[in-house]
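See the structures that follow.
Here chain A shows up in two complexes: once beside chain B, once beside chain C.
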Partner chain A sequence: MKSWWYAWRALVWVTLGRLWWSVHTLLLLFPTAALMLFVLRYRERFAQAQPEQVIEAFAQFTQTVVVMLVVSFLLPVVALGFGTTGLGGDREEGTLVFLLTRPLPRWSIALGKWAATVPLVVLFTWGAFAGVCWLMGPAGRMAWRGYALPLFWGAMAYGSFFHLLATWVRYPTVVGVVYALFVEALLGNMPGVIKRFSIGYYVRSWIYELGAPWGVSPPEMFVPLEATSCAWTLIAITLGSLALSAWVLQTKEYIQQER
Partner chain B sequence: MAEICFDQVTRFYGPVIGINQVSFTLGPGVAALFGANGAGKSTVMRLASGQIRPSLGQVSINGLPAWSTLAKRHLGYCPDVDRFYEEMSGWEFVQFMVQLHGYSSREARRRTEEALELVGMSARAQRPLATYSQGMRQRIKLAQALAHQPEVLLLDEPLAGVDPGGRRQLLELFAHLGDQGCTVLISTHMLEEVEQLAQVVLVLVQGRLVAQGTLDEIRSWLADRPLIVALEAEPLRPLAGELIGWEEVRSVQIDGSCLVVQVRQAGMFFRRLNAAAAQGRWQLRRMEPLDTGAEAVFRYLHQRS
Partner chain C sequence: MQIDLAHYHRWEGRLRGPWYSALAVTRATLRQVFRRKVFWILLALGMLNFLLYFALIYAGTQLPGVGDRIMERFDFTVHPDAQRRNGYLRFMEQQGLVVMVMMAFAGSVIIGGDFRQRGVSFYLAHGLSPWHYLWGKWLAVAVLLGSVTVLPALVLFVEYGMFTSDFHYWWENKAVVVSVLGYGLVMAVVLGAVLLALGAWLRKTVPIAITWTSLFLLSAAWSEQLRRTTGDPHWRLLNLWRDIRCVGRAFFGFYARREDVQLAPWAAGALAAVVLICVGYLWAKLVHWRRWE
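Here is the complex of A and B:
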């Protein structure tokens, strides 16, 4: 008996396996390991901290590690690494033709690739963040409890956006790197409303609001949005990118370029 | 009934025309799509396999638009590009492709085994694809196209890189599939590869379908085509004088020791020349058609169309 579900499940499973056992995973382990080594050194500052100083350690850990290293660096890198290769890998390797000539609706191919890619981005980011928080000790555990949700939606939004790039443009990795450098790193740190074009802005804003009761404050010139708006924006980016990628794959022709 | 139908199909790539007003209908059996590089064969294959849409006209598989998901249920496609998930074994690759047709794991395994057996790859299917020769990779591509037993099979240069023994085996397989009621369209630029089994030949020249028929029909058209022939004979001038009076001859030119004859209908000319040579009025030493290249043949078919 034939079933769309069998086909879709096979697509997700194979894509997941190919992504996980790829050179990308290995490459992403390097910055993750570097981050953990950094935290191992960083926590020494608070080795003698008394219990009442945990809050202060938490605030500093939020600024230095969570915002600057996890949200602004690791998260976009992981999303770029996995997000652009789920479908982009098939485009670049020329194997997309095998998928597009199967009796699977094209939109469901986009959905299947998304279902393999984005959870991997979330799990990898969460895993790295959990490791970092565990290494940090009590302040880290506070950070995990507080920031797991914004990080989840940040990973979903970034992963979905890079997945959209993979369906849309011929060289998603190149465009993704340009986006990360120009929009996230440059525009995302500029004063004024222009930073709202960056996904990272919403994750950081959300984190700042969650951390505010414990003395976490945004840098000068950074005007955060309230957490609810950030959450809805990240959800909208996730769903919008997914819907748009499904529509692009459904309607776009992919003509194989000879190498 | 398994059927591929192109109805006045034109496809543009920006300002470039890929194929121009191509119409044909193919039923069960083996058909060959023949043309030089750049003639539009790959465009026809991409349209038929639903990878691209026609700019004008309609392409259908079993009455369904080729672009649609439903049409792809009836379709097996072996692309010409040599791309795979290199880290997979041949077996894993074919099984994945079968699963994408919606079969359960157990059924996909069974069909994978059958397909690999059919293309002679059972014993070597567990090796990673990256270690395969080109011929083996070609067989794996065929296996993934055949495994779900499609009614319409599109094979883009399926014999590229396959050794002579393997070619014979695969050609027998294609003929068998055609006999079983499958519509097999084989794209090739080497007609001799498939002439034994193709019941219909489609000839594409510069994006236009210039001939469609059995190989014998196309050969008979070619026999009646104009041709330039170089003749060396003794004595030369009387022969020139005789030839100029023939209805089949357009012009005769003496070029040193040979005659360059422009012929209107090659088949009739050669029959008459043979008969005249047999009478012994002159001795024919050499006869060489000068424009038998593919370009000249295509030009003729193009003008004829």
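Here is the complex of A and C:
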């Protein structure tokens, strides 16, 4: 008889396969492709730039592409696409009950779904960002070296948070859409400390601090945190969401909803 | 089992034309949306802006001197300025984010679920043509859109008039009502058609949300970039949201730039093309459904 490790590994692989070969991946490739086409046009502005003007190109690329399009749009949408459907898909399709009857501890199911979902969010975001940076040329390569780490932890935190939503609420996709499009967009741009409820705020703060030596400055009303605090907060969100989702799945009674 | 026990009985009310059956479709659809708690949370969040302006108008009318400055600070004017711009237009344009999120949520509930769970067959089996079905669904979208844009704008208009000493404000600015309704109609026609087409195609919430947001956010970034690179303002027509604003502003007679005046007819044409494509797709989908499902 094989150990639960085999069952757990199978769960991860099946989830990974289902997430990757889904319509979500295809739909996420469209905005990614559009983003890359955008950068193809965008870089023409700096085509004649001298080597010393690369710094200026980097600063503008950070503001326009990295912050506005990658962090504020692509990252939450990718996390929404994969994060809420890892476990939420089973819930909405009514197959969660079959999963819970498997001889696996419930917390390990949450862990397995997380292990399939979050790396996919990270790899997709990193892949898109790497492509965008490569297309941008020298300024893009600077951005990749500088911002890969904040994006990694941003993707981890977003993915874990959406995974938590999937275990916690009945309609994770709907709540996820509201969070990603409304709360992030609204709270993340508000003055004062209220923006700290937005995960994107920490990623942006981190990026602004890393880019500061090269002239990247935050908008007027944006008061960034220190990079160290941002890093620890994103790590805490990741681990906290993972632990909480395992606890919720372990203790919550799931009742099959009428469909 | 007797047929009476199954609650089957003849219709005893007044029989009306088939277009009225669309109202039943609208009613059933809205009931599905309203029973979701998250819709009410969204509506409450969407009303924050309305509450702000509601309070602003109250302060503006009740605190002489100070109130005007507060309204000026928030750039909310109850009278059209020299360019015919006013606070109601500003309010409706600021509701864009709310509209986008609400529609992303509503797409799968309004029409996606019908296709996913094969409920379309039940609608089309009741003597409804695809047109009646679409009309009913579009009305549901229009009601939802109107509840966060047109209705609050009209309430603000009524509120300001009520705090004045006579009825002159309403009479002198009666064009505001027509303008608000016109802007709302443009939004409802275009967004309704696009949302219904996307909902029928993608069916589930997340794919609809991904495509819907990409459509608005990336098309805005794209069109601006292309305009800057080529210097041709016609690239701005790629931005659907901007096209809606451009045409909607015609009802207020306000254009921020001369370029917008020139682009307005093109924007109207672009929107008409988008609506036609979406309606054509929906029609083909429903006819195919009725024939094969």
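Methods note: the second predicted complex is superposed on the first by the 259 of 259 C-alpha atoms of A that agree within 3 Å, B and C clash if a C-alpha of one lies under 4 Å from a C-alpha of the other, contacts with A are read in each partner's own complex, and residues count from 1 in each chain.
Note that in this section contacts are C-beta pairs under 8 Å (C-beta built on N, C-alpha and C of every residue); 3 or more make two chains touch, one makes a residue touch a chain.
Small disclaimer: the values here were computed from a predicted structure and weren't measured.
S.K.: Put chain B and chain C onto chain A via the superposition and say whether they clash or fit.
M.R.: They fit side by side.
S.K.: Using only C-alpha centres after the superposition, what angle do chain B and chain C make about chain A, to the nearest 10 degrees?
M.R.: 80
S.K.: Have a look at where A:E93 lands relative to chain B and chain C in the superposition and call it first, second, both or neither.
M.R.: A:E93 sits against chain B, while chain C stays out of touch.
S.K.: Have a look at where A:Y171 lands relative to chain B and chain C in the superposition and call it first, second, both or neither.
M.R.: second
S.K.: Identify the partner contact of A:F38: answer first if only chain B is touched, second if only chain C is, both if each is, neither if none is.
M.R.: After superposition on chain A, A:F38 lies in contact with chain C alone.
S.K.: With the two structures laid over each other on chain A, which partner does A:L186 touch: chain B (first), chain C (second), both, or neither?
M.R.: The answer is second: A:L186 touches chain C but not chain B.
S.K.: Classify the contacts of A:G81 with the two partner chains as first (chain B alone), second (chain C alone), both, or neither.
M.R.: Touch status of A:G81: second partner only.
S.K.: Output check: A:H24 vs chain B and chain C. Expected answer is one of first, second, both, neither. What do you get?
M.R.: In the superposed model, A:H24 contacts chain C only, not chain B.
S.K.: In the superposition described above, what is the shortest C-alpha distance between chain B and chain C in Å? Please give a whole number.
M.R.: Closest C-alpha pair between chain B and chain C: 12 Å.
S.K.: Along chain C, where are the residues that touch chain A in the complex?
M.R.: 36, 38, 41-42, 45, 97-98, 100-101, 104-105, 117, 202, 204-207, 209-211, 213-214, 217-218, 221-222, 225-226, 228-229
S.K.: Residues of chain A touching chain B in their complex?
M.R.: Within the complex, chain A touches chain B at residues 1-7, 10-11, 14, 18, 21, 93-95, 97-106, 253-256, 258.
S.K.: Which stretch or stretches of chain A touch chain C in the complex?
M.R.: Against chain C, the touching part of chain A is residues 23-24, 27-28, 30-31, 34-35, 37-38, 41-42, 44-45, 68-69, 73, 77, 80-81, 84-85, 171, 173-178, 180-182, 185-186, 259.
S.K.: Show which residues of chain B lie in contact with chain A when the two form their complex.
M.R.: Within the complex, chain B touches chain A at residues 13, 46, 49-53, 69-70, 72-73, 75, 77, 79, 81, 83-85, 87, 96-97, 99-105, 107-108, 144.
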